[in-house]
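Read through the structures below before going on.
The same subunit A turns up in both complexes below, where it pairs with subunit B and then with subunit C.
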Partner chain A sequence: MPSYDVMPEVQLYQPTEVDDALNLAEKFRQQGWLLGGGQDTYGWLKDRAKNPTALIDLNDIEAFKGIKATSTGIEIGALTTLRDIIRNPLINDHFEILAKAAGRVASPQIRNVGTLGGNLIQDTRCWYYRRGLACYRAGGNLCYADSPEAMNREHALFNASRCVAVSPSDTATALVALNATMVIKNIDGDREMSAEDFFVGPDTHITQMTALEPGEILTGIKLSNEWSNARYYFEKIADRDVWDFALVSIALVIKEEANTVKDSRMVCGGVACTPYRLNKVEQYLKGNPLSEKIITNAAKIASQGAETLNYNHFKIPLMENLVKRALRS
Partner chain B sequence: MEFATLKKDVWGREVILGASWDLLWVILALTFIGIAMHAIIAAAKKRKAAPDSSGKRIERHEKIDRIFHWVMAVSMFVLLITGIFPKIGIEFAWLTIHWVAGLLLTVITIFHIFRSIFWQNIKDMWIGLKDFKEPFDESYKPGKYSLAQKSMHASVTILTLLVIVSGIIMFALIDTPWWERTNALSEDILGWVFLIHGLVSLALVAVISLHIYFGLRPEKLFYTRSMIKGWISEHEKDENHDQEKWVVKD
Partner chain C sequence: MNVNLTRRRFIKAVIASSAVASQTGCQLGSKDLHAKGSVERLISLDINGKKRRVDVLPQETLASTLRYKLGLTGTKIGCNRGECGACTVLIDGIPNYACSTLSHSVRKRQVQSIEGVANKDGTLHPIQEAFVEELSPQCGFCTPGQIMSAVALLNENPKPSREEARQALSGNICRCGAYDHYLNGVMRASGQSNE
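Moving on, here comes the complex of A and B:
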């Protein structure tokens, strides 16, 4: 596929009011492309792998930006840049895991313009799909990544259903761990859903990564105080230290009481099409002390049910070791 | 209107992707129009008095055949719902339900083939040249099955076999508890398989809609009852069937 290095002809809309943006999103639906920082946009468009008729630039809408304290926690506008999240005192004081995850996204230049919303709803990095091939995810009838000769070391271990692509978002794992709530708007009103439900797998939605429907805009993310100041751990393993996507990442928030685990949420990135919550590990840890034996068992439980492809077996020990490191931290 | 959707394969060649799902609305519209026209014509015709359902009962369908019919009906409905709903935007985890129902349909179809060959009189369902007198000669009475029933059965047989064969090929392309999927088919052949499966499924939508419509028509309800309870009355048999062609075993 040629890369044209120039933008295709597309109508550009730059609404300044929320209602205008929602009307445009509704008007163009699948044919409209919501533009935040643009870091997952320009590649698609320049490669002609996606061909929207309208680009709806949301950057002039102040209501979609900023971080503010609320009575129950904090609320982050979806258009807030990753840099602002990394530097924000509220987040660093209460939900540092999110700042840590945002700090591991791509490179400083990208974090300067990339937004939290964009990082969350970015499309998968499966290169067969990105190349514009008509795979399952692109509405086709086969998966190019799951064949004997395919390059699939980055692909999924869990919950693959025909498509084996993984969620590329670093902040998504942290937000699922923090039990965040996503705020979604359309012309009919608002709806809210948990971050865990926001990300959808290929068994139900093979052509989309999130529950966002055409005409809807992710406008904000709410973090309740439920996990504020909990002990946390975030680590991302990638081929490069910067400007790379996770091979496997882990986000853990944990509450302990009398040397035993009171509650925890542990989420792996890079192993499934959605941030992969380790529910069985969380259940196993509850009420147990974090002894070496418990940690070793938890790591084994974490990888149960993994279904490897030809080149991604290494993700299993990587994932198990990340679980151990998170719990030992 | 197109029957197939196309895509570029990995080499950039244009190949078939599958059936065009816009056809669903065309099929539904045509089927509805056909049913409405039939209903209007039938209502305009003078209706004969329905034969008495009391009196001696004649077994039309054995219990095992009735169970087969309804299991097939359920599996077919599940297959159509799980196959078509995601195509029209109703998203749910359909794939596992679809192939489980597909396996059930395959197993009971094989059962039915064996049963019809070895335990039933398969000739009861064959369509012969004489059967074509039936629509044009009111005095002509069929054997156990009318031409319409035989035609429905033949259509469903052909479509079901096609959908099963194409479905089994597609089944090999997904992960199951018994094997890991293969990508052994070339993209153009795969496209043909998807096309056949899709078009046959759409045809089944039409055929099954007609089957349900005729099964619910007042003058045919006794056949539906026989598929539930197994019997029709002697009056119903005498009125609609030739005694010599449908010889009831004691």
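Moving on, here comes the complex of A and C:
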């Protein structure tokens, strides 16, 4: 009988140079585990549900940390803690929605060590999957959450494909709304992609939540001035105000001109495996005034196409009401 | 019965004897994991202002090291998953869950546990005094963690509002539900009334 409350044997590497970290990531690939704040790491290991050979602790690499202004916006190191993001003047002055979202993550102690990169690439909270069951996401051929007796109150409304787990990250919804760019490195070089493409659903890659491949490290997040200082709204609904993950969350950035909507980006968390962008709502709002009728219609459009499971019907009105609240704000 | 053999002393003696055994790796009967480029095992930690030499496994959490290697049992392990706050310690003055921190990651940092909160002469920290006065703890298991969060709050913000205190202590669960009593304690310690 294994003991479930102590850490398993694992090697630990604490590189201080970027190249060393990339070499280690390449050397261990799937057997290596990139360690940020570690708050979505130790549970997996203690439960023996994931068994990496080596932890690669990235916290000693200064190049992966910090928030700096660039000519086109700001760049945030992926190892920057949520605590630093919440308190950073640049972010609070220009991209306050990100500070708000980061401030709603987990608990104070977790935000003190949890990193932005870690919050973005954390694994889904489906408890069947986290229990270590051989579900689709774990490489098996069954979904325990989408069966007649399953408890699936927290699971997906949209874009499920075999797996019905949802995106757990609060900062991810804010970053998709802000049209952020992810900077990814591996031993051969860099690549960049939009936040929207970074998060992948089960139809694309059922065992991964992001486009990050083995051997790659998410090193930074770029925010362009396109949406800086835009009117925004962020709200997260969860059973508890601390620790808990979103049942549904909403992030909206919006630009208005002469009382009509010029442009907007609206994203829901907790309803699909990725941050779920409400493209149709955005299109509908364009050029329209934010009258009560338009807002009511927008909410109806938002939930179109939802496919409910046994216990998550409540997410539809919850989501519609969040859309209304965001637009009325 | 030997009156000097209190429960606490007995437990400490057991820990001290296992600390010797841990030199050879008692935790899960570890074999040597020292791979090239991986961390050294014998390290120095700065705990409550003292340098402590200790043999730490690569995967060991700070809560384990404090309790089972250094005998500092004031730091409690509740859930061991970063979901309750009983193991809260200050690392460079910031509250962290010791159960979800690798001991190797605090080598160059200052750790303060509940044992380092009272003054050297034994007088209590204002938070501790206020918690006693307000009868804040009920069963007391979460209290070390509550104190650490409250100490960190007052270090940064000597006159917090009740709402700020509520936020600062929100990462510590109290199963007895004595939350308001802890908040009363924080307000008293910061010289504010509880009206």
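Following the convention adopted for this analysis, the second predicted complex is superposed on the first by the 326 of 329 C-alpha atoms of A that agree within 3 Å, B and C clash if a C-alpha of one lies under 4 Å from a C-alpha of the other, contacts with A are read in each partner's own complex, and residues count from 1 in each chain.
Keep this in mind: contacts are C-beta pairs under 8 Å (C-beta built on N, C-alpha and C of every residue); 3 or more make two chains touch, one makes a residue touch a chain.
In this text, all values refer to a predicted model and were calculated from it rather than measured experimentally.
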Following superposition onto subunit A, is the placement of subunit B relative to subunit C best described as a clash or a fit?
fit
Is A:Ser147 touching the first partner subunit B, the second partner subunit C, both, or neither of them?
first
By the touch definition at the top of the document, which applies to A:His205: first (subunit B), second (subunit C), both, or neither?
first
Scan A:Asn179 for contacts with subunit B and subunit C and give back first, second, both or neither.
neither
Counting only touches as set out at the top, which of subunit B and subunit C does A:Pro108 meet: first, second, both, neither?
second
Touched partner set for A:Asn59, first subunit B, second subunit C, both or neither:
second
Based on the superposed arrangement, let me know which partner A:Asn92 touches: subunit B (first), subunit C (second), both, or neither?
neither
Is A:Glu307 touching anything from subunit B or subunit C once the two structures are fitted on A? First, second, both or neither.
first
Chosen between subunit B and subunit C, the partner touching more subunit A residues is C
Rounded to a whole Å, what is the shortest Cα gap between subunit B and subunit C in the overlaid structures?
23
Starting from the residues of subunit A touching subunit B, keep only those that also touch subunit C in the other complex, and list them.
none
Subunit B-touching residues of subunit A, taken from the complex the two chains share:
133-134, 139-144, 146-148, 160-162, 203-205, 307
Help me check something: in the complex, which residues belonging to subunit A touch subunit C?
3, 5-14, 20, 24, 38-39, 42-43, 45-46, 54-55, 57, 59, 83, 106-110, 112-113, 241-243
Touching residues on subunit B, where the partner in the complex is subunit A
7-10, 17-18, 91-93, 95-96, 173-175, 181, 183, 187, 190-191, 194
Under the stated contact criterion, what part of subunit C meets subunit A in this complex?
27-28, 30-31, 33, 35, 37-39, 57-61, 64, 77, 80-83, 85, 88, 94-97, 99-102, 104-105, 149, 167-168, 170-171
